[in-house]
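These are the structures in question, set out in turn.
Shared chain: chain A. Partners: chain B in the first complex, chain C in the second.
Right, the complex of A and B next:
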């Protein structure tokens, strides 16, 4: 019964989210709308790591590798194809394929947790340096000049599917980006209730037990990693499209670290937590940036330390615990009332028997 | 399965070395279909290492393991599990963050459709007497109950051979009795190898007992003969044995 209740609650929240996305352009100014479009794109990135770390147990320190590859793949494909329709898929396929290759060597090579973090971090650095050193005319893919540290300016924006002349307006880009965020969320929810998702979570809980029951942990982790790579790629596509620009800083280590902070604050092991953490931190950082009184990294550090010390589980899991405790308290009070009625009834019964 | 005289599992000259330490030395062991075998031996005799080689958690240094005529030495744990071997490890390996029901369901659903998996899950929950705690997180259960959850996951996988490494450890007397009952029940159709220190428990279930000592098989006989054997007594009391 509680399960159907929580499913119902989720559907209500989902409907509210869709309504919010639909209404946002009417109530928000265009600047704010573009701001939250960026937040939505970054939230997809947060979801990608929230999924592989929180449910697959894979701590990837270099999720920006897939984010950046998605951005660059989209830019190169969009410039060459002149149409964003196929480019979006290229922007997801390239990072997914890269995640498959990298993941194959890591998981089938039995690389353990800490080394996995080190390898993914290093891969991000390598990609950063690789793309950073592609300045010069000779570094071009088809019509697309990679541009080294200057990045690639004037990346074509999203157009209506199959119609390159119909470039999307900021309002439509909001719909696409926020819609993609909701779609990714729903897809990951469905993955998590599927057999595959439940086994993946079981592997996170105890890899040895899962393998002794006949599941190959390497394969499951690899698939989780690839799904995460594709989603991070999609976030990169939307991010690049948002700014019509992509540069090597997309692979920056600071962003990789920031995603981990988003998830730590929002709550590891939930899907909504990383999104909330991402939006909250981005809003704070943006606000600090416009005030220019504090260094935003300093504030970010203080927030992280505060959460690790005071709310190590993050916002969403803490709220869930408080909620279930409140329910338990309520149930106990109800039970206590029943219990108080009990002895009285028994006494009456005994009294009657005595008569 | 019908032919109870057929060999289910056989190891030949199985040896496991960790650097200079020889954990198992030249172990040749045979188990028939639907047989129940108990392994005993003092700490460090190599029982758990032997189990780890059988289940694929360790690759033997030398020697062979055949399961239903198929060589499995060095195969991955999930491959061996898929051939029909299930193991309860010494230190409980369960999914602590998941509910009891989810633990059993994960095991049952590998080779069954959702409705069948649910039915098997319910049956196993009933068998391990945890139906009323099905929704609780396994990490919140007492040690003995977590042992049962692990036995439950093994049962739900419907293996033909079940290895139980100290199934009664940390259980109350009533739980130990129930575990012995479950083992006898399983043994009607499936083969088992049980490692235990609790001799009381061994007496409840044992037919044939294999005694391990210093990585080797010291003797193999009926429970009565083993208990009466002077060498076995010496081993357990820590005396030198002239093997």
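Right, the complex of A and C next:
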């Protein structure tokens, strides 16, 4: 696919997505609308890990740490400020700052691979344990009680910027959440075509080569990690706002595992893959929840194992490969020049990133 | 004074539990460079095997020392044949696949047994230290941990299988050139690691809450202990268990069990940051 055609197609798809978001409230019932609002919030979380894992090469087993911190920071700030406008920014800044501190600790200590996974997973457990043990009146930040394992009920919802009395309706929350998803997608796309994004991908491909070219891998990885943390925080804000409730289970290991499943299924090294994987799995889990036959863990486990064994690249990259093969076949039949090398190069990158 | 003895017993118990928890994972990680994220579920299966057979009338000691390791060992060999062997050399993929496996096992056990099951009582009773009481079972766990470390050491050091295993661990291609079959060694090793994990699950069954999701409570502790210990199976596991077990119990004694765990995790992170290769690669380079 030529470059201009690809860009054109993306713009068309983007326009279609915006149109879909705008029309959704007219076609869907309010229950379905709230459900897909949740899917959209989770998709932002999927994008955050899809970005740092797929393009930064950082396998973080504890992305829920930032998600949960975002949710809690938003809840505390919204209760204290009484206005959600500032609270949204607090909900992104706190996890970003935490990611910066943790990332500095890890990347400047030249910790990689498995050890990074162990540390991020452990940090999530620490946060879970800490927040879980904050039951009681003495654990409060300003007017906000942390509530321990009971969580924080009745978190104020989003309101119109600067006007606490104008609390948003479910429809408006859908526009905000889905709009945020599209905005995050577009921003990450732009980051990836920028100089910074290209260097980050170069570091993922070969850290030594990139540093020999004069780029500091530690700094770039740290920045990628912080961006991922802020986006996960935003997802946490929207999630907390969706349910008006936040509890320590937001840090749960099972959710961390689920994000990784979304990305494995959708496709590592793409941005649309994690979103599709997230929506698909969420829909499946919701469907399973409505019947008694199968346990959702059972189904998720089978899906994950099947993908790792049979389709390790995930849906979107596999579809891209099939598509370009079909094109090549067509070109060959038509006697035109062979179409090889292009997709093959990309395969190798994805395979390498997955290793 | 009495309190001191009780605390010392607690520390010993903490270390012994960690050794039991980690040994199977350490063998699999140290020899095959496979991180088995279904380790917690193997423990859970060991505990379930013990509880189910004990409730069916089998002697509790046979249930815990024979049935649990045998059952989980067989599960381990089946898992290695059907899943792990396709993924050697792909560290992240093995982690993902075993994570999927752990979800699958949790789902299966929940479907079969539901969310709760009757536990087994702690055997052996207790004894008195001054005004405090302690359980004899704690001492039994410590003895089992020592026995386990001793037997793994003896097998690796003195038997033909131990020699083959160490050779394959050092250089699989060379071992294959000498006529060994690394595939079989890996299969047997995975089975033994799983069996030891099943034994640990059986031993911990009387002293832990048995639910399908109980593996999650252990996996992180086992994971950081093994990674903190480094690649030497015995020296690494023993030193990391001793360090983390002591820190955990003393911190839990001084604060609360929850903060004890938090302090354990924080010290583990600091340790991994300072010694990314693990304790054993820094201080016990040439040990088993």
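Simple rule for what comes next: the second predicted complex is superposed on the first by the 334 of 355 C-alpha atoms of A that agree within 3 Å, B and C clash if a C-alpha of one lies under 4 Å from a C-alpha of the other, contacts with A are read in each partner's own complex, and residues count from 1 in each chain.
We adopt the following convention: contacts are C-beta pairs under 8 Å (C-beta built on N, C-alpha and C of every residue); 3 or more make two chains touch, one makes a residue touch a chain.
If you're wondering where the values come from, they're calculated on a predicted model, not measured in any experiment.
Of the two partner chains placed by the overlay, neither chain B nor chain C lies in contact with A:149.
Counted by residues of chain A touched, the larger count belongs to C, out of chain B and chain C. Residue contacts after overlaying the shared chain place A:113 against chain C, while chain B stays out of touching range. Applying the stated contact rule after C-alpha superposition, one finds that A:201 touches chain B and leaves chain C untouched. When the two complexes are overlaid on their common chain A, residue A:122 makes contact with chain C while staying clear of chain B.
In the superposition on chain A, contact of A:212 is made with chain B only, not with chain C.
When the two structures are aligned on the shared chain, A:323 is found in touch with neither chain B nor chain C. The part of chain A that touches chain B in the complex is made up of residues 195, 198-199, 201-202, 204-206, 208-217. Those residues of chain A lying in contact with chain C across their complex are 59, 105-106, 109-111, 113-115, 117-119, 121-123, 125-126, 129-130, 132-133, 253-254, 257, 260-261, 264, 294-305, 308-309, 312, 354-355. Of all residues in chain C, only 35, 83, 86-87, 90-93, 95-97, 99-108, 110-111, 216, 220, 223-224, 227, 256, 258-259, 261-262, 265-266, 268-269, 272-273, 276 touch chain A in the complex they form. Contact residues of chain B toward chain A in the complex are 55, 57, 76-78, 81-82, 86-87, 89, 93-98, 102-103, 105-107, 109-111, 150, 153, 157.
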